[in-house]
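Chain lettering (A, B, C and D) follows the sequence in which the chains are written, and residue indices restart at 1 in each chain.
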C-alpha cells in the first residue's frame, strides 16, 4: 500500500539501510495485521500510535475526496477530539449491531474486528479457548447487554442472583428491565457463600411460577464473600436449560479464577463479563465478554441500541498491544507475590493488634478484623491518601452479603494486578498507625 | 493554587510582562471555572488541553503520594491511554450513579459537574431553559436510560412509539426491557406523519389494558416523515399523566426544532435526548439529556449500571469550549443557508430530470424523487465517495414509515450543521451524473 | 515498503474502500517523495507529522535490531526529546559537512536532502532559479558561514559593509574573524542610502592595501534606510572578481526584493541569506542560503564545525509543506495590502498630528515622524502590548545609519508577511492615543 | 498566579482532596522555580511538558491581547512548529547576546536563565563548582564561540592545538578565522599523547612571533590517544597568561575526567566545552560551556551573531529535569561497569584471536588490535547493524594522531553513558564473528 521513492537523495547503501530500518519498524505492525494475535512482547507507544493512525486513516471522514452529505458525518471541531478518539470519529457499530462493519468507517470496523481477534488470542494464552468481544461499556452495562440477549434469545424474564453486595450488577438487572430473585448467603467459618442447593431451588421455584429464569453468578468478589461455585451452577444451568451469565469482573488476572472458568466452561456458560480496566489496565469504560457460544455473543452485540464511542475498544486494543503476552504472565506473577506479601503483613498486624486475618479464598483481596468502626478507619485511610480499602461493619447487611450479623468488623485490602509493592507495605503501615 | 517564583531571573519589567501574559492566558480558563458558562468565543485547543489537564491532575491516581490498594485504581499501562482519556482514567460515576462525585476522582467529578453546567448555559443560549446532563452513551442508549427511569419513577411498562423508521430507538425500548406499541403513520401530500388522535387513542387503550404507558416521540427525522407534533403529545401526556420522552437527536442545530421544544416544554416533557456528535460535532459516543424536571434527570443518572468512560463527556465539554456560543449561532446560520442551497440545487435537478423535490418540513434534509432504483443510486453515490445519502424505494415499508406504499422512490440528502457548501454542490452534481 | 493484510476482517467492498481512503491519504505524502517540490496546496498537520515520522523511522537509532556502541548514539532520556526533534535525534551533518549524508541517520539525511530540493522548488515558484540550502542557524550565523566560505574559497579577509544599523551582521563578520570596512550612508530627501561609488572606492582601497575584500550588502532593512543597490554592487563584484554576500533576511516575501535579486543574479552574487522565520513563518532558528553557484553552497556547508540540531531544518520543511505555493502567493498579496493599509493609516495620523509619513521605498515597513521622544513612545507602545515598533531619535547615530543627525525623530512599524489587519489598525490606533 | 474556583461543584472534602492532589502535582514544578536546581528525582514527562508550557505561555506571541507589528513576531503556520519548539517561537538571544533577556519573550528568557542555573547545580553535584551556560549549538560550534571570545577579550589570534584526529575542533578554529599551530603526538607503549613541553615550546614560539596564542586542549578522545594533560597545560596558560579552552565533549559522564577538570580549574581554564547529547542524552544540537570566569562566559554569549533556536536549550533543560541527580549518578555507575564488561570481553576476544587489547587510559572506549583491514571490519559491523565502532589502519596518519605509523591496526568501541549491556555483549560477539 505504501511505496516511497527516496532514490537518489542519499548514497545507495545508506538508502538501503534506511529502508531496512523502516521495514524493521513496520514489521511489528504488519505482524499484528498478519497474525492477529497478542504480540509476545509489547509494542512501543510510538508504534501503537502509528498502528492506530493507519487504521483511522481508512475511515471515510479522512478521505480528502469524500463528499459528506449525511446527518452524521463524524465532523469534529477540535483536534482534541481527534486525540480522544484516535481518529475513530465514527465510533463503532451500525444501526445498533455493535460488531457489524460500518460502511463509513472501514478503519474502525477493521480495528474492532482485530481487537476481538487479539482478545481471543489473549484469552487463549490464558488457557481459555473461547470467542470474545470487546465492549464499549463497563462491566455493569455489559451485564445488561448479556441479560438483554438472554431475554431475546431464550425469553429469560427473571434473574436469579446469588447475593453479592455490589450495586452495579443489581442495577444491570434493573436496567435491562428484568426481575431479580436473590439467593441469600450463609456463613462458613469466616467465609460467606451461597449454597448451590439454594440456587437450584430458586431455579425450580421460578420455573414453577411459569418464568424463564437465568442465573447471574459472581466469580470475583471481595472477601469474605466466596466466589460462587460456577462449576456447579453451570451444571444446574445445563440441566435446567437456562442461560448462565458469569460476572468475572477481574477474573483474568489470577489462575484461581481462570481454572474455575475452564472447568465450568465444560457445562453451561452463556457469557462471562470481565472488566478491561481491572484486568487489562485501561482507563475505565470498556468491557470484555467471552463465551463458547458465538451465536450468543452475536446476539449480545445486536442488543446495543445505536453506535458507541470507539475509545473503550481502542483502549482495550492499546493494552493488549502494549502489554504483550509475556509481560502479562509476569504481571500475574507479581500480583501473586503482592497478595502473599499483603497476607503476611496483615497477619503480622493482626497478631500485634489482637485482630484476625480472616480466613478467605480470594486470590486478590484480604480482610483483617478491627476493633473500632471500620467505616471510620477507611475514612481515616482516605485522609492518609490510601485509596481502595473498604471498611465494613458487622451489622451492615448490604456490605456483609449475609442476612444476619457478620462475626467481625473488618477492613478489605486488594493486591490487584499492577499494585506496587511499596503501596502494599505503606497501606498496611498506615492501617497500623490508625488501629494500633 | 499555583504560584511560581520567577523573580530575579530576568529584569523586573519583563518579568511583569511575562506574568501578565501568563495570567491573560489563564484568564480564559479561570473564567470557565468562575462563570461555568459556554464562552462567547471558543478557546484554543492549547487552552482546552491545559484546562483538561488541570482537572485530571486532581484525580487521586495522579497523587504522587497516594497509596493505592483497591481493586480498581485507574492503573494504566500506556501513555496512549492517558491521551485517550485525557487523564480521566477513573471514568465517571459512582456505584452507577452517573453524576455522583467519585472520591477517587475529584477532578473527573468536577469536570462532569462543570460540563453539565456549561451544557445548561448552552441550552439557555439557544432559548431552552432547562436542566441538562451530558451522558457517556449515544442517543439510543440515552433513550434506554430515560425509559428505565420512567419505569423506576412512574412504573411505565409500555412505550407508545409513533412509528419512525429508525432502529436505534426501537432497540432502545427493547434493551430497557419494555413493550412497544407502534402508532402507524399516514400520508398528507408528500409528507408522512402520525396523527395525534391515534397517539391519544393508543394511550387510552394501554391504560384500559391496565398498563402504564409512556410516549417516545420523534422530533427529528428524515423527511418525508414529519416531526411528531410534540406540543400536542405533551398536552396528552399532561392530561393522562404519563411520561414523555422526546427523541431530538439533532434538535439543537435548527430553530425549527428549538421553537417546537420551547412550546412543548410548557406541557409535559420528561426528557429530551439529543446527540452530542450530531449537534456539537464530537466523535460518536455521547448524548445530551435535558428536562425541566431535575428529579427525573437525577433518576436517569441513577439508572446507569456502573461507571462509564469519561471520554464522551470530555468530548462534549471540548466541543462546548471550542465552539463558543457566538460561533455556534454562526454555524446554525450556515446550516440554514446550506439547506436553502441544497433545496435550490435539488429543485433544479428535479426540473432537469422530470422528478420532484418532495414537499417536506425538515429544516435539515431534502428528498428528491427518482425514476430508477434509489438503493442502487445510493450505492453508486457511495462508490463516487458521497457518504450520507439515503435511497428509499416506495415499497420499502420499514424505510417509508408508512403502512402502504409510498408515492415515490426517493433519495434523501442532508444539510446538517457543519456541512460544507462544496459538499452540497458536489453531492447534487454526482447525483445528477447518475440519474440524468 | 508497507503492506498490510486486512483481508477477511470486513466485507470486501468496505475493505477496498478502506484501502482506497488510506492510499488517498498517503498519496499526498508519496507525491512529496516523488515530485520533491513544494505542494500547491499545503498538507494537513496530521500528514506532516506522519511524513516526518516515516523519515525519522529510517534512522539507525530506531532500528530495533541495532547494536549501538559509539560515543554518540542518539540516546535520549525523554519522549519530550523525541517531540522536540520529531525523532531526528542524530541531528544533521557529518564531521561538519552540513549537508553530507550521515550513515547513522539515513532518515535525517533524506529529510535534509528533500528539504533543500523543496526549498529550491519554492524559490523557483517565486521566480528565483537557484540552488538553495536550509541551514540550522539563523540569518546572522548563516552570514558567518558564507563569510567563512568566502575566506576558504577566495581568501577573502576583509568585509566591505555598506552600513546598516543591525548588530547581527556586524557580529557575524566579527564571529568569522574578519575585518570590516564600513561604507557610510548619506541622505536623499527622507531616505538614507549608501552610494555605490563609495562602495566601489572601498573595494579599490582594500585591494590597494593588498587585501582580498568581499562585500556584504543589505537588501532588506528598516526604512528610512534604502535597500543597497545590489544590481550595481553585483556588477562591481563581477568586475573586481570579489565575493558578494547579500543579506536578504526577509527578501522572499515581497516582489520588490525578488525583482532586485533576479536582476542582480545576472552578475555576481555568491550567496543570499534569508531567514526561515521571517519568510516562512517558522520559530526562530533556521536560515536559507541560495545561490547560482552550487560549489560555493557546498563550501558553505563544509564550513560548519560539527553536527547541528535537525529541528530548524525540520521547521523549514514543515513550513514549506504546510503553506503550499498557492497559499504563499496569497500571503504575499495580503502582505501588500497590509502595507498599503499601514501607509494610509499612518498618513492620516501624520495629518492629524502635524507629523510626516516619511518618504521611503520599503515594501514592508513605514516610518512616521514624531514630536516627542520616539524611544519613550516605543516603550509606551510596549506597555500597551504593541510589540515590534522601533523608535529612533534623530541623534542616534547607530540607529540612523547616518553619520550626522537625521532630520526627524521617528517610529517604524512593519506590515510583514502574516501580519493581521486588526493588528495594523490597532497599532496605529495605540500610537495615536500616545502622540495625539 | 493561578486560582481556580471549583467550589460548590462537588462535596467540600472531595474538593479539598482535588486541590491537594493538584498542589502536590504542581509542587514539583514550583520546586524547580523556587530552588532552581536539578531535582534529586527526575520529573515525569507530563510534568516537564506542563512546566515548559507554563513558561512559553509567558511569551508575548501568546498574549491574546498583543498587537504585533514587528518584522519578526514569532508567527508560525503549523502546530507542528509549536511542538518542535514547545512554544518558544521567539528563540533565545537578543541582538546576538545569547543569554540576554528578550523583551518579546519573557518566558523563553526565564527558561534560559533557569536552564543555566539548573545546569550549574548539576555541575556542582558532579563536584565542579563553576558558572555554566547551555548553548544552542553543538560542541564544534561552541568551541568557535569560545575562540571568538578569546580573540575579543584577549586578542588571541592563533590556536595551539595538541593534535587529535577530530574534524570538528579543527573546523571550529577555521570557522572562527584563527590560525592553528598543531603540536604533534608521540607514542608511549600503546598510548599516543602530546608532550606538555612541546605545547609550552609552541606557546613560546608564537609569542616570539608576536602572536597572541591560546590553547585548545582535548580532554576526551578516542584511545589510544590519551587525554591532554590539562593540569599542566592550565599551569602553562597561567604562567604565560594565555586563554585555555578545553574540549571536554563527553567529560561529564566519568569521574576520571571530572577529577582532571577539578585539578586543572585551580590554574587557568577559560572555558570547558561539553556536549549536551553525549553527556545529557539529548538529541544532537546543544552544547554546554562552563568556567570559573563568569565574565568570559558573558563574552562568549555576546559573540553569537543573532538569535538562535530555543530547542537545543529546551532539550538540555528536559534532560536535567528528566534524569535528576540521583539517576545521573546511577547512569555513571552503569557506564563504569559497562566499560569493565567491554574490556573483559575484548580481552577474551584478543586472547582467542591472537590480538591485543590495547593499553589505554580512556574510561569510555577500548581498542583491540586486528589482523585484517580495520576499515573493512568496521564496514562489516555496520552491515551487521553495529553502529559506532571505528576502524583505524596503522598507516592512517589522520586517524592515528601520530606522525609516523602506529603499531597496530585496530578497532575502537565505546561504553559511553547510556549504553546497554546487551549491546556491549552483542557488539563484541559480532566482531568475533568477523575476525575469528
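FYI, a contact is a pair of C-beta atoms (placed from the backbone, for glycine too) under 8 Å apart; a residue touches a chain by one contact, two chains touch by 3 or more.
Composition by chain, UniProt nomenclature: A, B, C, D = O-phosphoseryl-tRNA(Sec) selenium transferase.
Remember, it's a predicted structure, so these values are computed and weren't measured experimentally.
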(message) Measuring between Cα centroids, which chain is at the maximum distance from chain A?
(response) C
(request) Consider the two chain pairs C-D and A-C; indicate the one with the greater count of contacting C-beta pairs. (result) C-D
(message) Can you work out the whole-Å distance between the CA centroids of chain B and chain C?
(response) 49
(message) Counting only Cα atoms for the centres, state how far chain A is from chain C in Å.
(response) 56
(request) Would you mind pulling out the distance in Å between where the CA atoms of chain C average out and where those of chain D do? (result) 28
(request) Specify, in ascending order, the residues of chain A that touch 2 or more different other chains. (result) 45, 60, 63, 65-66, 79, 103, 382
(request) Please give the residue numbers of chain C that touch chain A in the complex, ascending. (result) 1-6, 9-11, 14-15, 17-26, 28-30, 33-34, 45-46, 50, 53-54, 57-60, 62-66, 79, 82, 101, 103, 106-107, 109-110, 113-114, 117
(request) Using the touch definition up top, name the residues of chain A that touch chain B in the complex. (result) 45, 48-49, 52, 60, 63, 65-81, 83-86, 88-91, 95-96, 103-104, 136-141, 143-144, 148, 151-152, 167-169, 171-172, 174-178, 222, 250, 275, 277-278, 280-286, 303-312, 314-315, 318-319, 322-323, 364-365, 382, 384-390, 413-416, 418-420, 423-424, 426-427, 430
